[in-house]
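Consider the two complexes below, in which chain A is the common component and chain B and chain C are the respective partners.
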Partner chain A sequence: MQNKKVLSNVLFYVMVVAIALIVLFPFLWMLSSSFKTQVDIISWPPKFFFAPTLQNYQKVFGEQDFLKYFMNSTIIGVFSVGLSLLLGLPAAYTIARFTQTRLAVFILLARLMPGISFLMPWYIVFSRLNLMDSYVALILSHMLIALPIVVWIMSTYFATIPREMEESAMVDGATRQYAFLKIILPLSGPGIITATTLSFIFSWNNFMFSQVLSMEKTKTLPIAVYNFVSYAEVDWGGVMAAAVAIMAPAIVLTMIFQKYVVKGLTMGAVKG
Partner chain B sequence: MSKPSFTERNLQILFPLPAIIFVALLMIFPILYTLFLSFTNWNLTSGNPFTFVGFNSYFRIFTEPRFLNAVARTFAFTFFAVVIEGVLGVAIAVILNRAFFGKSLAKLLLLLPLVATPVAVGIVFNLFYDPTIGLANFVLQSIGLPQGLWVSNAATVIPSLILVDVWQWTPMITLIVLAGLAGLSEEPIEAARVDGASEWQILRLVTLPMVMPVILTAVILRLIDALKTFDIIFAMTGGGPGYASETLNIMGFKYSFEYFRMGQSSVILVVLFCVVFGCSLGIMKLRAASEI
Partner chain C sequence: MSSVVLKNVVKQFGSVAAVDNLSIEIQDKEFAVLVGSSGCGKTTALRMIAGLETVSSGQIYIGDTLVNDLAPKDRDIAMVFQNYALYPHMNVRDNMGFGLKIRQLTKEEIDTRVEEAADILGIRDLLDRKPKELSGGQRQRVAVGRAIVRKPKVFLFDEPLSNLDAKLRVAMRAEISKLHRRLEATIIYVTHDQVEAMTMADRIFIMNKGVLQQTGVPLEVYAHPVNRFVAGFIGSPGMNFIDVTLIVENGVMFIDAGDFRLKVPQAFRADLEAYVGRPVVLGVRPEDIAAHDPATSPGGDGNVLKACADVVETLGSELFVYLTSGTHSLVARMAVPERLLQVGQALEVILKLSKIHIFDKETSRTIV
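Presenting the complex of A and B:
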């Protein structure tokens, strides 16, 4: 009996470690390749032990305008998330308080529908308006990613705050909009962190919108990384260093806000 | 008490109004515009103004083998990816559903693929699959199997892409199901245990049926996203070799932004839209039906 228990525990940890290794493996391979010279990368059989070099990172951050693309991704992410909060928080509030289900579905459609069915018309309209390769076009398009996430998460969150919170203030003569600003929003920190983190990560990772709407001036990181491999001779070390650089911010954010990110990703599927 | 102000009386319209206007302008108007263009023969490169051709673009696209293959491929990719992710995701959740040392670290690791930039993931897997220097062939060689061409071969490109999708999105199902399992009430499980049911019976007859609505929602959310898969396919193969990995989304993208045949691309986008919209409607029906 005792032996059987030990055996099943060992088996359990073997499985857990196997799952962890499979999940981690592409990250580890990317990370180790980013420290390899081109010679080490293209050697056969693949090298597991090698003399690490920083030259890939020097190249990526030095020659390739990489910091500019990093800034573009950051600017577009920050503004699209900020503006989505501005539009999304009041909408999420009335959805939660007046159970506006149809309105919720309407906004969530933006999350479900294929982005390309908006992108092609945007391309035509933004070209006409001379807004191609502008921050305005990029931020507007990324807002359509961020807004449904904000509304989805915040309407669920507001619904968990008891109505008495603002109703008691309203009995004392405060208006509902005042109660929303001064009572409900200050209580919504955790929800806002979840919504902000998730929508920023999805904006950061977006490829299709920027691939079409941005050119040299507003190019974002995913496009820069993609362009890296479009050349005939692939500089694998450089590409892997670029891949590490683009994933690092999202992974760091996830580590800091782990609890919130899990909640945001599983919310809705698990009815609270 | 004084009469409520205009703002307060109309709060439920005024508060969401900016968001409604935004979504109408950036989503509804473009979809209608796409529908409109699908009845024209507009080609951006020709420089000619468009003329209405009725359903001609639909006939042309619907009789095109390339399109029919893309439709079939989109469904095949989605079906296999989602089935594998569903089975694996639930299995892993069941395994991890107990208190153990390192559980929160395990959950953090499961989050990483979900937040990893898909384009970069695709490129990393391209290095992995590379026929001459990739680790995938090294593994095959080490265990005595013949080497493969992976994404460079029309016969293996879709399974290779499905593998990437499975790696990236299985954890999402696992995390959702784990959250669902954590919220279950212990009583029925305890009762079954007292009645002498085996762990396997408890899992099959008590736990899984209770968590089924959550599993269903997770799988369907995944299904909607899998139908639209773009980034990894575009970054890894661009739809190739030939058209061997071209899904509806990739084909629509190429018709729009490489050939600039806006009339025909609109037809593809309308079809993709209807497929995704149909699936979403189905889900909402299902969700409503499972609501108690």
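Presenting the complex of A and C:
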């Protein structure tokens, strides 16, 4: 009996490690390469032990205007997510409470269509409006991803909050809008944090929209990584170091907020 | 305080009428109980009064005001929900003061009123707790407290006791009745529990399938149900129903149940004459069946049945005896005899013929 338990424990951890290795290997490869010289990176067989160097990071933060790209990504991420919350939260609430399934499917459809199919029309529209390489164009395009995420996560979240919550507030003298702001939103913290984190990371990592719609002024981080790729050669060390620098905020964000995402706030609201 | 009047109110959900042509008048300061089994439309009716559900047709008046198109917030009502619907992110004080804060009362006034209500309900020491730190009974009190601080025209209760355990329910029942007398408030109370309805109501409104069946003070409804549904719904254990026919032999009218015959009391004859030979339903309340002891009570005026006790439930003060008489099953409610009844024991029971009810089998309406 005891042996069986030990065996199943061992098996469990072997599987966990195996899966973790598969998932983490590219990340670890990237991390180690960012500390290697170009020679070490392309050497065969791969070098697992090497003399670490910081020259790639010096290149990223020294030669490239990384801070500017960082700011661009932040501005575009914050505004696209912020606007998506502003529009998406009331929309999600309406979908949840008034069972607007058709509207919900329509919003999902925008998400399901390949993003690239939007790019051509956008390119034409934004060029005619003189909005190429502007924050407006990038924020709007990133909202194509952020808004459906907000609407879909939040409409299912709102649906879990008992209707009686706002009904009670409305009988108490609140308008539906006031009940939404004072009762429903404060109870939706975990859902909002989940939606915000996910849509921000999507925006942060987005390459395709930014590649087409941004130029020097609004260049975002993922595009900046591309600076290390030239016609003649790829500066793998620089690419890896830049990629690590880009991933860091996303990882930190996820680590901070995951506990909020899990926490359920509605406990004690109703019997159960 | 205010009266509440519903005139021909209908609520359609698709092709289904959840509430069908409901007309009721609830007096000022009255404790009105809407009772019926689940799905009978009582909660929908209450929600229409609250403004949480639109009215398909008909009018609802609170006081003299037609409220059909008023938002819930403008109706000056308070509602206690079945699941309490306390705001989990606010403490008890803020929960109770929420409605007052919206009405922009001063902080001092809100505190005074909240504490006053808390004193009435005995929850003063809970004011700084969050709902999740409260027991079911305490949450219930907070929900009631949130309603009474507002001093609204009408209180609406939607099955407020159904989530409590049996003992607490009995205690809260009495407390809500007391509260009603103290506040002199108009209360509309919805429940599926006929015991709550009987014990608390000034007047009962019994609904079935969206239609109002009967209105009246509890004892009147109990003694004179207008149809078979009401007769079966009110009272626990429920009324016994037996399919019978009326026959006349040698000028004497009998109720013929196949296995036994009962002599119809003279007082009922006139009303029953038209039903002779037609199928009717005999209704007998459990307490109108008593054990027959030939030595002490002669009886025998055509109202003694031979029966067998199948199940005996001992409640302490009384017995529920499940009997079989021929092919018919009956429940009797008896005082605890000196020698307890045994399961399987044969006994004779006597029906109080003056208390029987006869229903038309086709229309279910009460004949006598």
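Operating definition for what follows: the second predicted complex is superposed on the first by the 243 of 272 C-alpha atoms of A that agree within 3 Å, B and C clash if a C-alpha of one lies under 4 Å from a C-alpha of the other, contacts with A are read in each partner's own complex, and residues count from 1 in each chain.
Everything that follows uses one rule, which is that contacts are C-beta pairs under 8 Å (C-beta built on N, C-alpha and C of every residue); 3 or more make two chains touch, one makes a residue touch a chain.
What you see is a predicted model, and the numbers here were worked out from it, not measured in a lab.
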State whether A:213 touches chain B only (first), chain C only (second), both chains, or neither.
-> neither
Which holds for A:226: it touches chain B only (first), chain C only (second), both, or neither?
-> first
Per-residue touch tally on chain A - higher for chain B or for chain C = B
A:183 contacts which: chain B (first), chain C (second), both, neither?
-> second
Based on the superposed arrangement, let me know which partner A:246 touches: chain B (first), chain C (second), both, or neither?
-> first
Scan A:169 for contacts with chain B and chain C and give back first, second, both or neither.
-> second
Tell me which partner A:193 touches in the superposition: chain B (first), chain C (second), both or neither.
-> neither
Kindly classify A:116 by the partners it touches after superposition: chain B alone (first), chain C alone (second), both, or neither?
-> first
Taking the two structures together, which residues of chain A meet both chain B and chain C?
-> 173, 175, 265-266, 268-271
Inside the complex, what are the residues of chain A that reach chain B?
-> 12-13, 15-16, 19-20, 22-24, 26-27, 29-30, 33, 41-46, 86-88, 90-91, 93-95, 97-98, 100, 103, 105-107, 109-110, 112-125, 140-141, 143-144, 147, 151, 173, 175-177, 201, 204-205, 207-208, 212, 221-222, 225-226, 228-229, 236, 239-240, 242-243, 246-247, 250-251, 253-255, 258, 261-262, 265-266, 268-271
Interface residues, chain A side, partner chain C - complex = 162, 164-165, 167-175, 178, 183, 186-187, 265-271
Chain C to chain A touching residues, read off their complex = 50-52, 71-73, 77-79, 81-89, 98-99, 102-103, 130-134, 136, 139, 146, 150, 156, 163
Where on chain B is chain A touching in the complex?
-> 1, 4-5, 7-8, 11-12, 15-16, 18-20, 22-23, 26-27, 29-31, 33-34, 37, 44, 92, 95-96, 100, 102, 104, 106-121, 123-128, 132-135, 138, 141, 167, 171-172, 175-176, 178-180, 183, 213-214, 217-218, 221, 224, 227-228, 230-231, 234-235, 249, 252-253, 256-257, 262, 265-266, 269-270, 272-273, 276-277, 280, 284
